[in-house]
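Two complexes are shown next, each including chain A; its partner changes from chain B in the first to chain C in the second.
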Partner chain A sequence: MHLLGKKGIIIIGLLPALLFYILFAIYPIIQSFYYSFMQWDGFSEMTFVGLDNFKELFQDSLFWNSVKNNIYVVIASVLGQIPIALLIALLLNRKLKGVRFFRTIGFLPVVLSTVVISLTWSLMYNSKNGMINQLLQSIGLRELAQNWLGDPQWAMIAVLVTVIWQFVGLYLIIFLAALQNVPDEVIEAAKMDGASEWATTWKITIPMIWDTIIVAIILCISGSLKTFDLIYVMTNGGPSHSTDVMALYMFQETFSQLNYGYGSAVSVFIFFFSLILIFIVTKVLGKKMI
Partner chain B sequence: MKKLLSLTVGLFFMFIAACSGGEEASGNGGIELTLWNDWTEDRPENTVYKDIIKQFNEEHEDITIKMESIPHDQYETKLRTQAAGKQLPDMMRVWPGARTAPLAEGGVLLPLNSIVDNWKDIIPDEILQDYAINGNYYAIPSNISETSLIFYHKDKLKEAGYEQFPSTYEELKKLIGMLNDNKETPISLGNKSVWPLQSIYISTIADRYTGSDFLGNVLSKEETFENDQFINALTVIKELTEIQAFNEDMNTIDEAQARSEFINGTTAMHLAGSWAIGPILEGVDDPDSIGVAAFPSFAGGEGDPSKIAGVAGGGIALNSELNDEEKEAAFTFLKYFYAEDLYQQLAQANIIVPADIPMDDDVPRLFQKANRFAQNGLAPVYDATLTPDLTDMINNGLQSITLDEKTPEALAKEMQALLEEGN
Partner chain C sequence: MELLNRSKLKLYPRRSIKKTSIYLILFLFALVNAYPILWMMINSFKSEQEFLTNQLGFPHTFVLENYVNAWETANLGVLFGNSIFICITATLITVLFGALASFFLARFTFKMSKLVYTFFIFGMLIPIHATLVPMFILMRDLGLLDTPITLLFPYIAFHLPITIFLLTSFMKAFPKDIEESAIMDGCGVFRIFWSIILPMSRPALATVVILNFIYNWNEFSFALVLINDPAFQTLPLGLASFAGQFTTNYGAQMAGLTMSLIPIVVFYLFLEKEIVKGMTAGAVKG
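Right, the complex of A and B next:
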C-alpha cells in the first residue's frame, strides 16, 4: 500500500480522464491555433500565411455582424434568463402549493431537444399561420403581427425570446437548490428584528446565494458565446445574415466554404473573446472564479 | 497495489485498442466496400438504387457492398469534414462540377478514365463531362437534374384566364397580377435554406439573359459579373418580390415545405427542379391537374430561350486509396450498377435519366414533358459551377435582394470583387 503513496494513487486515478481530456479537448484547441495560421481547404497542401487570416477577419464586416449579434445573445441571456429565473426561484421557494409541478414545467424546455424547440417556435412565429400572429389577429391587434423570422428587424429579437425561454429553467433549478441551502435560522432572526420581506430578500437571501448567481452568470455567458444549434435550425443565420452568430459563421466558413484556416481563426477569436469577457465579469463582480 | 496498477494500465490499453482497432476487415475472404450515400428518404429512386445493390451483393459472393445512409442536408458537410481528416469511405455519392472539384483536386478521389469508355455509347458526352475535372472522370451520373421547372395548378390558371402557361416574362407578370387579384398566392417559394433562388431561379433566368457561355467566361476573367444582362437577371428577383409573386413567409420555410404548400393547393405555382416531379405526382389527387412549363423568355435576353438549367445528377466516386484488388471490385460494381437496368427503373420512378431509353404511354405526361426539356440542351447550374464562397455570396445576396437590403448592382459588384480577390 505504501508503494506509491497517496499522491501516486491520485495520479493514476486521474490519468485516464486526463489523457482523454488532453486528446479530445486540449489537443484540438492547439490544433485550431495551428490551422489559424494556414490557408487550407481541408484536402490539399496547407500553406503558411502568418497572420493573414486574422487581418482578413478584422476587416470582414460579416464577421463583425456576427460578433454584434452574439453580444446581443449574451446580453439577452444575462439580463433575461438570470433575473427571470431568480424571480421565479424566489417565488417557488415560498412553500407554495404545487411547487414541484411548476418546477417541472420550468425545467421542461431544458430537457427538450433544441431541434424540437427550434422547429416548434418556428411554427409559432410563422407569419401566415403561426400561433403568435393568429393570436394577435383574433384579439384585434392585426397591425402588431410581424413576419417574425423573415424580417431582418425582428428575426434576432424573435430568436432571443426563444433563447431566453429555453434556459430559464436551468438557472431556476440552480437557484432553487441554492435557496434551499440558506439556513432558516438566519431568515428567522432577521424577521424577529423586524426586517420586511423586501429587506430580507435583498439583504439576506440574495447575498447568501451571490456565489451561485455569479456561477450562473458565467455559465450563461460561456453558453451564449457558443450558441449555435438553436439558431442553425431556426434561421440558419438568415435572413440576410441578420441572426448570424460567431459559431455559426465559423461553421459556415469552415465546412460550407472550405476555408479551414479562416474558420480556425474565427474559433481562436471566440476562444480569446470568451476568456477576456469572463475575466472581466469575474473582476467586476469581485469574485475569484478561475 | 501492483494489481490495481496493472489492472488500470491493462484496462486503459484495452480501451485504446478498442478505439483504434475497429477497422479490421470482417473476414469471410471476400472484399467489403463501404458506400456512403444520402438515400435516407423513402423515395422510389432510392429504393431502385438500394435494390440494385442488394441484387449485386447476392450475385457476387466475393464482393460485399456495405451501405451507410446519411441525410442529404448533412451529407456534404460530413463528406468534406471526413475528407479533411482523410477518413473517406471506399465509395461515396458525389455531385458534379464545383461540388466534386475540391475533393478531386485534393487528390482523395480515384479517376475513372480506364473504365469510362464503358459508358461512351449510352450516356452523352456532355453529361459525362460534368464529372470531368482537369481531364479526369470521377463519377458516372445516374440521372439528370433539371433545376428550373415551373409546376402549376391548371384550374387556378384557368380561373385567372390562362389556358396555356405564359411564354414571356411580361405575360407571366400579368398572370401573377391576376392571381393576386383573385387573392391567390402566385408562387410558393421556400428560401430559408437560401439556395432555391439561386439554383432554381437564377440558373435559368440568368442564362436567358446572358447566354450559356457567360459563367465560364466570367470565371476565366473574359467577362465580369457587372455585366448589364446579369444585373437584369438579378433584377427579375427584385421585381418578382415587389409584385408579390411569392408567399410572404418565403424566407422562413424550406424548399420541402414550399412544395407541400403547392401540393396542398394553397399556391398556384411552384418552381423547382426535376427532383420535385415524383413527390408532386405522388402528392396530388389527379396528376393531370398539374402542368409543367419551362421558364418563359425574357425580352432583350441573349440566351437561347428553349434551354433549361440542368446538370448531371449524383454519381458514385471512389476513394483514391483503394488497393488494386479493391479497385477491381469497385470497377466491377460500377459497371454492374450503371447499366440499362438502372436507367429503366429510374425512368419508371419519374427520374430524368441521361441514357436514351424508350418510353411507353403509361408514363405520366408531366414526366414525359419534363424529360423532353432536357433535349434542347442544358444551361449551367450556378451552384454546380461557382466556387463554394461565390455560391454562398449569391445565395445570401439574393435573399437580401428580396428583403430590399441590397440592390442587384451591389450584389454583382460584390461577386466580382470576391472573384478577383480569390486568385
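Right, the complex of A and C next:
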C-alpha cells in the first residue's frame, strides 16, 4: 500500500497510544521496582540497599496493620455489597412498579466522586452536630451516639459503612442485567411443579446467575483493594492508625517521611499483592464455577 | 367460579403483606441511598444556626449566603474551569488515540497484534496507587508538576486500556469487506478510519467518552500527588482541601459539595442508560 507500506501505517496508528501508555503507566511501575532497592529522600543521591527496604517492611508492625485494615475493607465489601445488591436485585426483578426509580436511585452513588461522598459522610459522622448523632438523639437513643470517626473503636466501622454504601449500586445493576437473562419459562415451570418461591430463588435463579456473582466478587475484591481516596479524605488513616490501609501508609511514608525508597517498596508490594490476590480468587472461584 | 373467588380472597391479604414488605425494603434501600445526598443539599441552604438546631427538617428560610461563601473561598470558579478543561481534553485525546489504536488492532492482522493488545489490556490490572510515587518522581523530573496540563498525562495513560478494550471488541464485529470496498474506491487507511470506522463505532464511542469523562471528573489520587498550586487544582482536590481548611464552616462546605454534584447528577439523570452501560462495562471488563 501507498508510500509508507502497511507496517509503517500500523506503527503510526499505534504509536500515540503506546507512547502515552508506556511512558506514563508502564514506566512508572518499572521505576518503582528500581526505587524499591534504594534508600532515597527524593532529592539527594540514591544509595543502593538491596532488599533492606523489604526486610524493614516485613518487620514493620504499622505496615502489617495497614495490610490487615486493607483486608477488612475487602471482606466488608464482599460481605456487604454483594448480598445487599443481590437481595435488592432479586426484589426488583419481580416486575414491580417503580423499578426504574429504584434503579436510578440505586446507581446514583456510583456516579459521584469519592471525595464528595467522603466529605458528605464525614459531615454526617461529625460527633458534635453530625446527622447520625442528631438522628439518634431525636429518637431517644442518645447513648448510642459516638465520635464515629474520632474513636479508634468505631472509625474503621464507620469508614466501612461508607465503602459499602458507595458501590452497592454497581453490583445491583450487574445482577439486574444478569437476572433479565434468566428465561421466564424456567421459573414458571418450577412454580408449576409446586416449588416455593424461596426454593426457586435458591435452586434455580441464583445458580443461573452464579457466573455473574463470581465476576461481581472478583470485581469487588479488586475494587476494594484500590481504596485510598475515601479513607484519605475521611480519616487520613487515623485515629492512631485504626483506618490505615496500604496505599495510605505508602503515601505517608513517601511524602511525609520522605522515604521514597521505602514508599516504593510498599508500592511494589501493593502491586504484587493485588495481582496475586485477584489471580488466586479467579482461580479458586473459577474452578468452583464449572 | 365460586372457588376461584374464594382462593383469590384468601390469597389477597397474604400477597399484599408480601408486596408491602418488599416495597418497604426497597424504599428503605432508596432512602439510605439517597438521603445522605439529599440531607447535604437541603442543609446547604440553612444558616449556621439552623443547621445546629434543625438538621433533619427543611430549612425555614433559604440562605444563599453559603453558596456565595463557598464560591469565593473555595475558588470554585477556578476549580470548575480546571476540571472541565482537564476532563474534556483528556477524554478527547484518550478516545482519539484509543480509537486509532483499536482500529489497527481490530481490523489488521500483523505479527505483534495479539501481544500489543494484551499489553494494553494488562493496564486494567495495574493498581493505580502503586504508581503514585514513581509518577510523582517522573513528572517532577519532566518538570511537569503543577502545570495546567499535568493531569492529562496520567489520565490518558491509565484510561487507554479500558478504552482500547471496549473499542476493539466493538470494531472487531464489523464485516470484513468494509475496508476492501473503500480501498477499491481509493481511500487511504486514515480516511477509512476517519470517515467509515469512526462513524460506525458511534455507540461504543459514546460509552467510552462517558466512562472517561466520569473517571476524569472524579479522579483524586493523581491530582493530590501531582498538583499543589491552587490555580491548577481540580474540583475533587479543591473541595478536599477546602474542607480541610474550613472544617467548621459546614454551610459553605455543603454548598460547595452541592455545586460540584449538580453537573454530574444532571448528566446522570439525562444520560442514565448510557452512563450505567458505560460504567458497568468499564467495571466488568476493567
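Of note:
We take it that the second predicted complex is superposed on the first by the 260 of 290 C-alpha atoms of A that agree within 3 Å, B and C clash if a C-alpha of one lies under 4 Å from a C-alpha of the other, contacts with A are read in each partner's own complex, and residues count from 1 in each chain.
One rule holds for everything that comes next: a residue touches a chain if its C-beta (ideal position, glycine included) is under 8 Å from a C-beta of that chain, and two chains touch if they have at least 3 such contacts.
As the structure is a prediction and not an experimental result, all values here were calculated from the model.
Clashing of chain B with chain C is the outcome of superposition onto chain A. By the document's definition of touching, of the two partners only chain C reaches A:Pro109; chain B does not.
The partner of chain A that touches more of its residues, comparing chain B with chain C, is C. By the touch criterion stated above, A:Leu275 is placed in contact with chain C alone, chain B being left untouched.
In the superposed model, A:Asn147 lies in contact with chain B only, and not with chain C.
When the two structures are aligned on the shared chain, A:Ala25 is found in touch with chain C, with no touch to chain B.
Within the superposed three-chain model, A:Pro16 lies in touch with chain B and with chain C [touch as defined at top].
Using the contact criterion defined above for the overlaid structures, shared-chain residue A:Gly42 touches chain B and also reaches chain C. In the superposition on chain A, A:Phe255 makes contact with both chain B and chain C. Once both structures are placed on chain A, chain A residues 1, 16, 42, 122, 255, 260 are touched by chain B and, in the other complex, by chain C.
For chain B in complex with chain A, the touching residues are 1-2, 4-5, 8, 12, 15, 77, 80-81, 83-84, 102-103, 105-108, 192-194, 247-253, 388-389, 392, 396, 399-400, 403, 405-406.
Put simply, chain C touches chain A in their complex at residues 19, 22-23, 25-26, 29-30, 32-34, 36-37, 39-40, 51-52, 55-56, 97-98, 100-101, 103-105, 108, 110, 116, 120, 123, 125-138, 153-154, 156-158, 160-161, 164, 188-190, 193, 214, 217-218, 220-221, 224-225, 235-237, 239-240, 243, 250, 253-254, 257, 260-261, 264-265, 268-269, 272, 275-276, 279-280, 283-284.
Against chain C, the residues of chain A that register as touching in their complex are 1-2, 6-7, 9-10, 13-14, 16-18, 20-21, 23-29, 31-32, 35, 42, 84, 87-88, 91-92, 94, 96, 98, 101-124, 129, 131, 134-135, 138, 165, 168-170, 173-174, 177, 215, 219, 222-223, 225-226, 228-229, 232-233, 247, 250-251, 254-255, 260, 263-264, 267-268, 270-271, 274-275, 278.
On the side of chain A, the complex with chain B involves touching residues 1, 3-4, 12, 15-16, 19, 41-44, 122, 125-128, 147-152, 235-236, 238-241, 252, 255-260.
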